[in-house]
Amino acid sequence: MGENILALRNISKAFYGIKALSDVSIRVEKGEVLGIIGENGAGKSTLMNIVGGVLQPDSGDMLLYDQPYKPKNTMDANASKIAFIHQELNLCNNLTVAENIFLIDFPKINKIPYINKREMNRLAHEAIKAVGLQCPPDTLIEKLSQGERQLVEIAKAFSMDAQVIIFDEPTTSLTARETERLFKIIGDLKQKGRSIIYISHILSDIQKLTDRIVVLRDGNVTAEGTTSSFNIDSMIFNMIGRDMKHIYPERKNVVSDEKKVELVNITKKGIVSNINLHAHEGEVVGIFGLMGSGRTELMHIFFGLDSFESGEIKIKGKLKSKNTAVQSIKQGVAFVTENRREEGLMLEMTVLENLSFVAMPNLASRFLRFIDKSRIADKAAAISQRLRIKSGAIEKSAAKSLSGGNQQKVVIGKWLMTSPEIFIVDEPTRGIDVGAKFEVYSVINNLACDGAAVLVVSSEIEELMGICDRIYVMSRGEITGCVGQDEFDRETILRYAFGQCAFNKNASHESEVQQ
Amino acid sequence: MKRALSIVMLVVMFAVLVTACAPKPEPAAAPAPEATPAAAEQPAAEKKLKIAFAYQDLETEFWVAGHKAIVETLKAKGIEVIEFNANEDANKQLEQVNDAIAQKVDGIIIIPQDGESAVAIGEACNSAGIPFGVFNRPPSNKDAKALVAVADNVTISAKAMEHMALEARKVFEKTGKKVKPLVMVGDLGDPNAVGRYQGFKNVYEKNKDIFTEYIEVPTKWDSNTALANLKSAMAANKDVGLLFCGSDFLYPVIKSVLEPLGKWQKIGDPNHIIMGAVDGDMTAGKLMDEGYVDATAVQDLYYEAELILTGMLEAIEKGEKTPEKWMDDPGFALTQANMGEMKMRMWGNKLRQEKGEL
Amino acid sequence: MNNNNKANMSAFALKLLKNIPLLLFILVFVVFGLITPVFFEWDNIENILTSSSYIGIVAIGMTLVLLTGGIDLSVGSLMFLSASSAGLLIRNFGFPIWLAIVSAIVIGLLVGAFHAFCINKLKLVPFIVTLSTLVALKGLTLMLTKSVAVEWPSAITGMASRRLLGFIPLPVFIFIVIIILVQLMLKSTPLGRHIYAVGYNSEVAAKAGIDHIKIIAVVYILCSVLAAIGGIISVTQLGIVNAGYGEGEEFKAIAAAVLGGTSLSGGVGSVFPGVVIGTLLIQVVQAGLVYLQVDIYMQPIITAGIILLAILLDSLRTMLEKRLERRNITKSCE
Amino acid sequence: MFLKGSPTERNKSDVKDLFVKVLLSEYFIVFFCLLIFVSLMPVTPHIASRANINNIMSNLWPLFIIAIGQTVVLIVAGIDLSQTSIIAITSVVGAAIMTSKADPTLFEKSPLWGWFLTESGGPLAGEPAAIYAAIFVMILIGVGIGCFNGFFIHKFKMPPFMVTLVSQMLFSALAIYLTKSENIIGLPKNFKAIGSGSIMKIIPYSMIFAIVVAVLAAILLNKTVLGKWLYLVGSNPKASAVIGVPTGKVIIFAYAFSGFCAAMGSVLLSARLIAGRPTLGQTMLMDVVGAAVIGGTSLFGGKGKVSWTLFGALFFVILANALNMMKLPFYVVDMAKGIVIIIAVAFDVLRIEIKRRTNVM
């Protein structure tokens, strides 16, 4: 057993009387990667916020190098060389890379409050070089990709010489290549004797990356041990407290011959070219592609949130006359967007209200379009039951109070209110935990069983292989392959994803796969 | 519970409103309990008169002096004055007068924002049966019965400008060159400003033979705007020979523009610009004494105040509810030519005398 | 190839549009100058600079507040208060001029501190807080002055026409000093960078360890102090403070700041060239219309039109920028 | 509840309970108005007189109507600073249509002179339908300017504050230009009745106007799809676009509605002053926005109610009336007004804070 850097002893924390953590004790050794897993609400974030100084524990204490460690705020934690990289990056997009790295402790000239820019950029350059970020230190953050921004956060941890670095769900918005790079950097950090606390829902990453794992459930540690002592099943068992037979629900849908959707030669200069794709009644069709391959853009075009230059869209055999969202909805298309907080929900409003918005115009009176509140409420209650949305009274609890999985169900539910026949689902399980994922998969499966055509966009190959009947693969704005269920194979799909443009060196260089 | 409580409150409020708005029963039939002592009191004790004074604003010395003249005279007579400042909002003034009517004042004097609002406000006073007086700005028609004491901006401005044109003619005859006039126009939303501008233009049209095209400088009655625009105008037109300004309060601004250009000179100096403005405040008085300013259009503020107050008190005494009388303040132009006889009739000079400056 | 050309052209258009306030400023200036050549004379340029100085100083303060996503509607009333109280202190209490000016600035500081208190501690919306002080400060000043104009000693009005280095009028000099100081503060001090950080997202800034409460306080205090200074600078030119003084200056300052590219939602904006150009643009238009002797009824209509054009072009820039930012996905190799 | 105590303490806690309840009510501002009103009754008994309450009411309606429009715009996360100029320009044009006399010496320089406005008045002078036509045109112009604002805000993604500030400058200048500063008088007698007349001397016409607009707005906001869309666009425009809300049209509608309300307000104000005035309403802006915001409408969108605005407007009107009644020197009136606004808002924030805490428990 290595040397303990950080030890948490009997930490408890309650919010307004509700226990978030009770008597949690964990330790972090020097030079190890400690994985922390658990469902949403298990207390992972609370625990890390306590370590990072954002929250203070109600009871229990922490030891850093065997000295009492009581951070009152982020700055205290930073001063003790503990860095916390949040899931939602904490960067100011209107400032430069260097400024973000030194935001709290600018290098000054002779202690007068005048920033020594040359020194700052030099130090920043060193820090970002160490994490493999290649851009001038005076680049604005808004010009960087998500992955690059994450590297800036790590560089920040570097520059403060952090000994313990906490990563909270770092890969949710990273491309595969960026993820790979992140893992390499984490490996390097470990080599240098830094300790890493790594929180993730992606259990395969945890397995690959960590030395030791702590499993949390309902504010308690339910399991702890070396990574090799766990397998995925035992991790899930400890997380949800029961066995989960399958990660994916059983497929029962029947694919008919009727084409619900057909895209013919859809082209928009610079975005997508010559897209041909179709989906049958009762079919779940996956669309896989690298980050930036144009999958989300294609879905936006299909749904009418963006225009296209040539080609045609047929829905149930009928040509789509006007390419607008309104028209799509009219013809029975639903779009569950990838960013549910920003594009899917009205966080401040109630679940009922969120469920009612899509159907509202349909259920309104023809004259002056008055809303029929009782009909909407009945329908919403039915949907909420059908999807098993866990919330308080739907007319009272705000959408923001729900867990990620339930929020996703609300987003799907609001579309169900109009009983659409074609579903576009973009990254349906991003940032939600294992149990909730299964439920979302089941919902998708059931939709297909009821005869809908479902287009699922995802960057997780396994997920698509688990729930789809057919997978299209996109690369650089084109469809490069289509794989049927019997041919599902990681390698094949990836090969298509790297594109037939592989002869182009640039293309392969820039290609990035998300796992 | 909360909801119920607020609904109850609302119902109560509206009940109060509706009962309050309902036509009042005849006092004889059902005298309100609190009305009895008041009614009994009235004949016994000499009731203190209450007069409401609603003015549009106190932004310049002119209005301050007018306000002071009225308020102090009333107070000296033992009359209670209720003041309202409308901040240049005619509608607000109407609301304030209605407030005053609600307080059952004995008389209402206003300095209206403009003639049209004076009519509307007057009609409100008439129907409430409260004597109504208008000070300084005439109502635009006689629909409302009112005591009116006013001067005509166009006429008095023209009077001052006539003197300036005379001076300009002298210059023209001496040099043979046409004089370039400049006019500083006030806020275009203010009828006084427009009237004064009109007075200038009337005289200008009559004397086109000695004037070149005139320069307009918008001031919006704002010192900073006036400063910036006058500077620009003076830089663009270096040969301005006559300056007419809508109000005396801008003299400090004019001075700070002309002085660095070497054009702030006394009469007689070859660089002197023939200058005149409207109001007749202390600054103007001083500048005329010193010989910088040629003419000032004066509204006889104190005279107007006296006219309106006597009229009002007479009416109240007689028990007239809607007195009607039009009292003209002829106004005059104080010029360098008539300084001897007219000087002390200008209210600015009277103020200076009070202060011991004269 | 065709595609490339197009991309280049939009990049060029973007570059042009990025400097819209500056370009528009130059355009307007040149057009006016071509019509009336006297417009190019130093006298006029000096006039424009002097007239811009006070509102420019106020607009700089406003920019600081806007950078944090707030707003200060009270600057006009505060100018009135500071200028009047300094004048009264000199005239009625025999304060030396410097002390009176310092007192006026202290008054600004107190008002700013009051704003900061209400916004930080009472958690009130800046719009409402400063709206209330807009009304209250005006009342306070009228109470102090009894609505009578306050005259400043001529020694001060003389100051305005004093030239430094033989050609820079004092107000312009102070304006330039403030531009340099605030520019340095914003670009090169931790405080300045923190203002941008808080403006981008105060939660992010707080998580990163910035004391955003302090930043908000500093910004409102600075804005009020600059408004007080602006008030004094303006009176050194006017020599007198009337009761209507300062009305509507808040909108002038906001317009100048926004014309200079400052965003009302915070985090974006600059003092130089930004606000400075914004202020000068408005003054140049105002002066030009007087030079050209445009019908006085038409002048405000034209001014509004030019401002509309400026913000319209700025919006087009943002839209174009967004479009160009979208990555080219399809292969360009074919 | 969190308040426990022995029986002797119960009385105290009941009072406290009531206090908390009043504070927590979303209609808190009504109680605040009532407090001002009642506490002034001993000092200035006139405040509760029939005439004064009539007066308060008649001052309330125009402000209320205009503030309703502002509320709708605030709900879509915008702001409309141009309402005052809409009031001015509609007042001028409406009056020009129905006036029966125009003095040539005053108006001959007006660009309307000759073809629109002549010595015998406007195009519909003396016609019985003139009033209706004038009101119709006023509303048309108000809606038109609102669409102008909405168009620029939606199409070019320009900040509402700036667009409406510019159109405030533009249309105010235009209103003054149209009559060359003069007020237009000679309006039909019936028009005057709208401002000061009443049905059977109980219900003033202006109240009917206001209630009609308020009920329309309330139905719109609460009962119709469009109303919900306004809230959606205000709280999350991106998500609204995805679910098929025509965000552009909704935004334009909000500004058009604001223009409509301003025009309706202009009808009442013009009728009260019996003139078309190019400077009408110029100083109302702060009261209008203030009324909406103090009622509880958020400046950041997605939140607002007609009833809240009614109470906000009531607050401003009662405050002004109370200050007028107290016979204070004019400068104290301004100061007191500013301070009372801050206090009211501070209470409001306190209320929300307490509510949040009790809710969480």
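Chains: A, B, C and D, in written order; residue numbering restarts at 1 for each.
Keep this in mind: a contact is a pair of C-beta atoms (placed from the backbone, for glycine too) under 8 Å apart; a residue touches a chain by one contact, two chains touch by 3 or more.
Bear in mind that the values here come from a model prediction, so they are computed numbers and not experimental data.
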item	value
Pair exhibiting more inter-chain C-beta contacts, A-C or B-D	B-D
Computed distance of Cα centres, chain C from chain A, in Å	43
Computed distance of Cα centres, chain D from chain C, in Å	30
Whole-Å gap between the CA centroids of chain B and chain C	34
Of all residues in chain D, the ones touching two or more other chains	176, 180, 329-330, 333
Chain A, residues touching no fewer than two other chains	none
Chain B, residues touching no fewer than two other chains	58, 188
Set of all touching chain pairs, with the criterion as stated earlier	A-C, A-D, B-C, B-D, C-D
Chain D contact footprint on chain B (complex, rising order)	1-2, 5-6, 9-10, 13, 16-18, 20-24, 34, 58, 82-85, 87-92, 94-96, 98-104, 113-117, 119-120, 123-124, 128, 140-141, 188-191, 193-194
Residues on chain D engaged by chain B in the complex (per definition of touch)	21-22, 24-27, 30-31, 34, 44-46, 48-55, 57-59, 62, 176, 180-183, 185, 196, 201-203, 269, 272-275, 277-284, 320-321, 324-325, 327, 329-330, 333
Chain D contact footprint on chain A (complex, rising order)	16-17, 303, 305, 324-326, 328-329, 335, 337, 342-349, 357-358, 360-361, 364, 368-371, 414
Chain D residues touching chain C - in the complex, by the definition given at the top	152, 156-159, 161-163, 165-167, 169-170, 172-174, 176-177, 180, 286, 289-290, 293-294, 299, 329-339, 341-342, 345-346, 349, 353
Chain D residues touching chain A - in the complex, by the definition given at the top	223-226, 228, 231-232, 235-236, 238-239, 241-246, 302, 360-361
